[in-house]
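One chain, chain A, appears in both complexes that follow, with chain B as partner in the first and chain C in the second.
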Partner chain A sequence: MIVPPLVGWLLLIAFGKRLAEPTSGYVASGMILLSFVMAVLGFAGTMGLAEGKQWHVQLWEFLPFIGGEGKSLHMGFALDQLSSLMTLIITGIGFLIHVFAIGYMHGDSGFSRFFAYLNFFIAFMLVLVLADSLPILFIGWEGVGVASFLLIGFWYKDFNNSNAARKAFIVNRVGDAFLMLGMFLLFKEFGTLNLHELRESFGSINVPLVGQVTKNVVAFGAPGLELACIFLLLGAAGKSAQLPLSTWLPDAMAGPTPVSALIHAATMVTAGVYLVARNSELFAHAPVASSWVAWVGALTAVYGAVSAIAQTDIKKILAYSTVSQLGFMFVAVGCGAYWVGIFHVLTHAFFKALLFLSSGSVIHALEGEQDVRKMGGLRGALPTTHAVSLIGTLAIMGVPLLSGFFSKDAILESALKSPFFDGSKDAVGSINILLFAVMVIVATMTAAYMWRWYVLVFSGEYRGNAHPHESGAVMTLPLMILAVLSVIGGWIGLPHFLGKNANLIEPFLEKVSANAKGMTELKGIVEFIPLICSIIAVIAGYFIANYFYRRDGARIMAEVPNGFGTASRNALFLDKVYDFVLGNPSRVAAVFFGIVDKSGVQGGAQLLGEQVSEAGSSLSFWQSGFARGYGVSVLIGTVALIAFLIVRGFA
Partner chain B sequence: MNWVLNAFIFLPLVAALLSLAVPKAARGKFAVFAGIANLAIGVYIWLSGIAFDKFSTVIDWLPGLGVKYAVSTDGVSLLLSLVTALMVPIGLYYLTSRDDGKLSAFYPLALAMETGILGIFAARDLILFYVFFEGTLIPSLFLLGRYGRAARVQALTTMALYTVFGGLLMLVSIIGTKLLSGSPTFLLEDLLRGVRQIPEWQQVWLFLGFLVAFAVKTPLFPMHAWLPEFHGQNHPSGVADLMGTLYKVGGYGLFRFALPLFPDVANNYQWIWMLLAAFTAIYGAWIAFAQTDFKRLLAYSGISHMGLVALGVFSLHPAGSSGAILLLAFQGIYSSALFLVVGMLERRFIVLEGGDESKEKALDRALEIGRVRGLAASAPAFAGVALLLWFASIGVPGLAGFIGEYSILLGAYQANPWIAAIAVTTVIASAAFALTAYQKTWYEEATHSVADLSRREWTVLVPIVALVVLFGVYSAPALELVKPVVAQLYGIVLEAKK
Partner chain C sequence: MVETSYYIALAGILFSIGAVGFLMRRSVIQMFLCVELMLNSANLVLVAFARAWGNLEAQTAVFIILTLAAAEVAIGLAIIVAIFRKRVSTNVDELSSLKG
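Entry: the complex of A and B
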């Protein structure tokens, strides 16, 4: 499955220049289609897999002594229910993006290069989800980081783009450092980094460790396990743009193509959610770390939503929306509802891909304009784009029966049911209610800022001066497919009150993911509270957005942001704070250490060197520097040997 | 006595002497040919199977003193030797493209260095090791003195002082070890037998003697001060820096001699050694961030790598120690290659310098990071190769640098989580300095237009890139070489091969 995109990448890197423009796009898309077919076959296969089983291939030795007892960690891949669902999302959405990009990148001088990077990205994303151990997952993890560096910096001549690329990579590396620490600690505690063995080790009694006595299984809530899970969380926060490592994503989206923006939004950033879901057995045994996951998610959801409200860049709104939606997913997995997190990954992939591609289509039509204040009234000029955008907007707002509704509802429900706070089996705890309330407010804000997005772009009168035109079929066809999926995608995860068998995705994923013990059972009317709140949130958000933004164009253009607006537009100034607190001091320290090293440590050495040189040159038979240095060496060495000889002789 | 290993060690030296008889114009070709022939011998040894003992030679050298000529090889020695034997002809081949007629002494000196480095890896007698260890300094100093830049005398004196001082302490320790352990010879195996009888306080001093010598050569903080000057002042082609990179054998010395001889000292004061190494790693990476000269940047980046290597050795964990050897071997490929990339950049930039400036100032400007920007537009292939090498150097998985770095950090964490956590921050710092330098050179608005890779430059870089990717993914052949040696060191029974 990984092979076709890799082949495509190699082909395009090697022969990219010689291929005519659309050909490389076809080659790349074809490779992804091939992968998609394999993913479908794999998915069909895993449907029949029993619980705890997986398809596993183990290749050659990869890392020395990292398998315990003199064994090496092997390069290996595994396919189970969770990973096969992820491969479907990655290759399916990936294929549609590829096709869309054939139209969007038309005429760009780096056409082949772009498709090479896309293929590269998909290949490593597949490595990430198919890895059978954490270090192999880490290959994919950093590989997509490299791909994102290349894609964000695709138009590298622009200083902002190349800066954003570098920032994304470095911020991700902060997360990666924590992920590494997490892996090291897991190895210390469990003696293995194989995902399957980690999962299984909760059932067994002893885990053999390198050079140590066997150690008992890590208990529920053990400090080592909690800490390891928190490390994993921080690692996941880097890739999934959660607080405190969220600042790279909006920058990464603002500059380059919507296509690459999307590939981040729909696939790469969900890697963090995948990481938690993949290690669900660990997190299910680590209540403290899990509640951290949930609260990090909740805070990020608030942060993203607040930041999205006053943005003026069509893609930045969606970028902060992505940050916020990822927060939702973290809440789900932090509450022990691992299948819900992945369910939202799936539906979000549909509607966010749709929205990003639609905005790409808008930007394409307006010849590069990205400021929503200069849009409006595009309903007439771009009928197809408008229709699919409306579906996407309604889906993300959570309008009943569309995909976002079901997954968001499930998340709200899981916030109430989570066993990791103060709730018990029979009663909902107060912290659960607090978390639930926060998420309902965020859902309201989501509806508000998305409807604002829609209103500013499509309704009212056109406020710009380009000549909008609808995109060609190669771009609109993927949009339509995604629109259909955004509508029906949620139907695989219907709520429980519609019948026991209404939910298809939960039993499928629960074969591989843990089930947090002690979920509160919601009874009677309480069962419908999440549903009702979620519908209220949509309606409230709709009216708020209409109240503020459905008005004439001149006022929108003249709008001066108030205090809240400024804070929102600057994403709560997080960037500036980081630069002030971390960036500047470390730059200054680097220069300072550089000077100290040069004048202090090396200066001292040089002073010594000069002294000796002068002493040497006063002995006039050593003329040049190297002879002097060498001469001293030979002299001292010889003296020492002779001294030894003498000592020996007397001894 | 088996002639193969001896031929492997001494063929470069013989070729160096013979090359003096070759006309100057053909000397470069002759040296490259000799280097390739030598690599072939190395590959022959590698392919002959895992039982490398059969290549050993032990004969009396100075019988009265118990000094023997003892050379042997094993997986670790062979891996490092192969990298050396590979990179020398590649470097010399690149050098032939820059030969302005003044480089005729460069080739024999580089070949002589190769023999010295191969000897270091093969020596199993400590005095013989010392001779190779210090002897390699001679051609290295001559290269710097003959082909270095204006301030070379300073750099040379500094380096010589450090190395000679460290080497002297090692010599004292070697002699002391033999006397105190009552060993009849200077053979490593003989010393190993008796060394346990030495009281611990004496072991500490002997260990420190080795440590200082290896800390200079590694280099470890605070013995690193000679290295930035050494690279900054060496020949602009980067080939001398390549030789210097291969000569950074301190990590090997620690692994081969200091650790097995004094395991108790290494273990009892482990946190001190680890802290020193971890600090070197982060210190180097951090300072690299503020560097404005390509070669000094790479020098500090190399210091950071070497800190990690030492950390792996001192982790006393099989994964960490294997990682140390693997990182040492692979960085010999990509760090050396990055010096060649700088040489290729310098060659392009120096053309852009004109006017009445002195050559030295022009060179300063040509090596300044960020003065010429946006090269990816005019030289895309060069940009791609450079990026790949940078990524390898900062340990991106899928490339050769990762295998070692990851194993080292994992091993170090098992020994001491706090110190390992310090070292892990290197991962962030190295990304920061590497990508900043990369962005300033290759990305952003193009200030100049330069030629893409020439055919000869391709020939130089393709094998390097291929190996960096190959070993990053398929590391098994390297593991096969390293694992048995490490397992023996730690007394681990390896799983039988299925």
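Entry: the complex of A and C
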């Protein structure tokens, strides 16, 4: 499954310059389609796979005996329910976005390079989700980081773009460092980094490692596991743009729009959620770390939603929205509802890819205009794009029966049911209610900012001066497919009260993820509270956005931001805080070290060099070039040596 | 039996001729022959002492040196021929273009 995109990447890197423009796009898309077919086959295979089983291919062993006898690291891939679902998302949406990009990147001088990078990304993303152990996962993790870096800075001639790429890479590196710390700690505690073995070490007694592990956990105390999980959380926060490492994602929108859709909305940024869901057994046994996950997610959701409200860039609104939705996913996995997190990954991938591609279509139509204040009234000019965007907007707002509704409802429900706070089996705890309330507010804001996005772009009158035209079929077709998926994607996870068998995804994923013990059971009317709240949130958000933004064009242009607007537009000044706390000291340090380097190090080195060269030139007369002169030197030297030996005595 | 000291004296004379010749002559070929002379005087010392002390190892060493010298002569002469073709001269004092 990984092979086709890798082949595509190598092909395009090697021959990219020689292929005519659309060909390389077809090659790349074809490779992904091949992968997708394989992923479907794999998925069909895992449907019948029993609990706790997986298909496992071990390729080779590296670093044997790193931790003593029998504790080696293996290179291998594993396919189970969770990873097969992820491969479906990656290759399926990846394929649609590749096709879209053929139209979007038309005429770009880096056409082949772009597709080479995209294939490279898909290959490493597949490595990430198919890895059978954490180090392999880490390889994929870094690989997609590189791909992200390359694609954000794709138009590297603009200094801002390459800065954004660097920022993404550096912020990610902070998270990666924590992920590695987490891996080290896990290896110390469990003696293995194989995901399957890690999972097994909690469950059955048959695995020989278990006795040792239980002892270790007891001896080292639960804090060891908690700490490892918190490290993993910080690692995941880097890749998934959670607080405090969230600042890179909005800047990452500097890349071409298909990249934003593929990497920075649908796939790569969900790697953090995947990491937590993949290690669900660990997190299920680490209640403190899990509640951290949930609160980080909740705060990030608030942060993203607040920041999204007053943005003026069509893609930045969606970027902050992504940050916020990722927060939702973290809340889900932090509450022990691992299938819900992945469910939201799935639905979010559909509608956010759809929204990003639609905005790409809009930007394409408006010849590069990204300011929503200069849009409006595009409903008439771009009928297809308008229709699919409306579906996407409604889906992310959580309008009933669309995909976002079901996953968001499930997240709200899991916030109430989480066993990691003060809730018990029979009663909902007060912290659960607090978390729930926060998430309902964020859901309201989500509806508000997305409806604002829609209103500003599509309704009212056109406020710009380009000549919008609808995109071709190669771009609209993927949009339509994604729109259909955004509508029906949620139907695989219907709520429980519709019947036991209504939910298809939960039993499927529960075979590989942990069951957090002690979920509160919601009974009677309480069961419907999340549902009712989320519907109220949609309606409230809709009216708020309409009240503030459905006005005539002149006032939107003349709008003077108030205090809240400024804070939101600057994303709560988080970048400024970073600049002050980290930027200023390093600038001072840079100036200081610059002086030290110039005067001390460079001066010293130069002095040394000058001395040597002077010494050399003062002796250069010796190299006269006359062979017989050298002969005299040799003779004198030999005579002197022998004379010395004679005088001193031969002993 | 001839005294060992005679051999040593002969070797010393040969060596001196070689050394002086190397320093005085300008022709590369003559200098080269002088180097060979010095080398063989050293060989002579080796075999002389080998005979005096009944030691075979030194004689073995001489054979190795002779072999190496043959190889070295082949290379040396080849270089000289090459230089002569290039410069049409075998005067060492003219071959000083690599001086520092």
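Everything below uses one rule, namely that the second predicted complex is superposed on the first by the 553 of 651 C-alpha atoms of A that agree within 3 Å, B and C clash if a C-alpha of one lies under 4 Å from a C-alpha of the other, contacts with A are read in each partner's own complex, and residues count from 1 in each chain.
The criterion applied here is as follows: contacts are C-beta pairs under 8 Å (C-beta built on N, C-alpha and C of every residue); 3 or more make two chains touch, one makes a residue touch a chain.
Everything quoted here is computed from the prediction, not taken from an experiment.
Visitor: Should A:Pro507 be classified as contacting the first partner (chain B), the second (chain C), both, or neither?
Guide: In the superposition, A:Pro507 contacts neither chain B nor chain C.
Visitor: Looking at A:Asp176, would you say it contacts chain B, chain C, both, or neither? Reply first, second, both or neither.
Guide: A:Asp176 contacts chain B only, not chain C.
Visitor: Let me test your reading of the model: by the given contact rule, A:Arg166 touches which partner, first (chain B), second (chain C), both or neither?
Guide: In the superposed model, A:Arg166 contacts chain B only, not chain C.
Visitor: Quick one: chain B or chain C, who's touching more of chain A?
Guide: Of chain B and chain C, the partner in contact with more residues of chain A is B.
Visitor: First (chain B), second (chain C), both or neither: which does A:Lys188 touch?
Guide: The first partner, chain B, only.
Visitor: Return first, second, both or neither, reflecting whether A:Pro400 touches chain B, chain C, both chains, or no partner chain.
Guide: It touches nothing on chain B or chain C.
Visitor: Which residues form the common part of the chain A surface touched by chain B and by chain C?
Guide: Residues common to the chain A contacts of chain C and of chain B are 624-628, 632, listed in rising order.
Visitor: Contact residues on chain C for chain A in the complex?
Guide: 19, 22-24, 26, 31, 92-93, 95-100
Visitor: For a test of understanding, state which residues of chain B touch chain A in their complex under the given definition.
Guide: 64-65, 134, 137-138, 141-142, 144-146, 152-154, 156-164, 167-168, 171-172, 175, 222, 224-226, 228-229, 283, 286-287, 289-291, 317-319, 322-323, 326, 374, 376-377, 380, 384, 391, 396-398, 402-403, 406-407, 409-411, 413-414, 417, 420-421, 424-425, 427-428, 431-432, 435-436, 439, 442-446, 473-476, 479-480, 482-483, 486-487, 490, 492-495
Visitor: Would you tell me which residues of chain A are touching chain C in their complex?
Guide: Within the complex, chain A contacts chain C at residues 620-628, 631-632, 635.
Visitor: Of all residues in chain A, which touch chain B in the complex?
Guide: Spelled out, the residues of chain A in touch with chain B are 13, 60-66, 69-72, 75, 113, 124, 135, 138-139, 141-143, 145-146, 149, 153, 156-159, 162-163, 165-166, 169-170, 173-174, 176-177, 180-181, 183-185, 187-188, 210-211, 586-587, 589-591, 593-594, 597-598, 601-602, 604-606, 608-610, 612-613, 624-630, 632-633, 636-637, 640-641, 644-645, 648.
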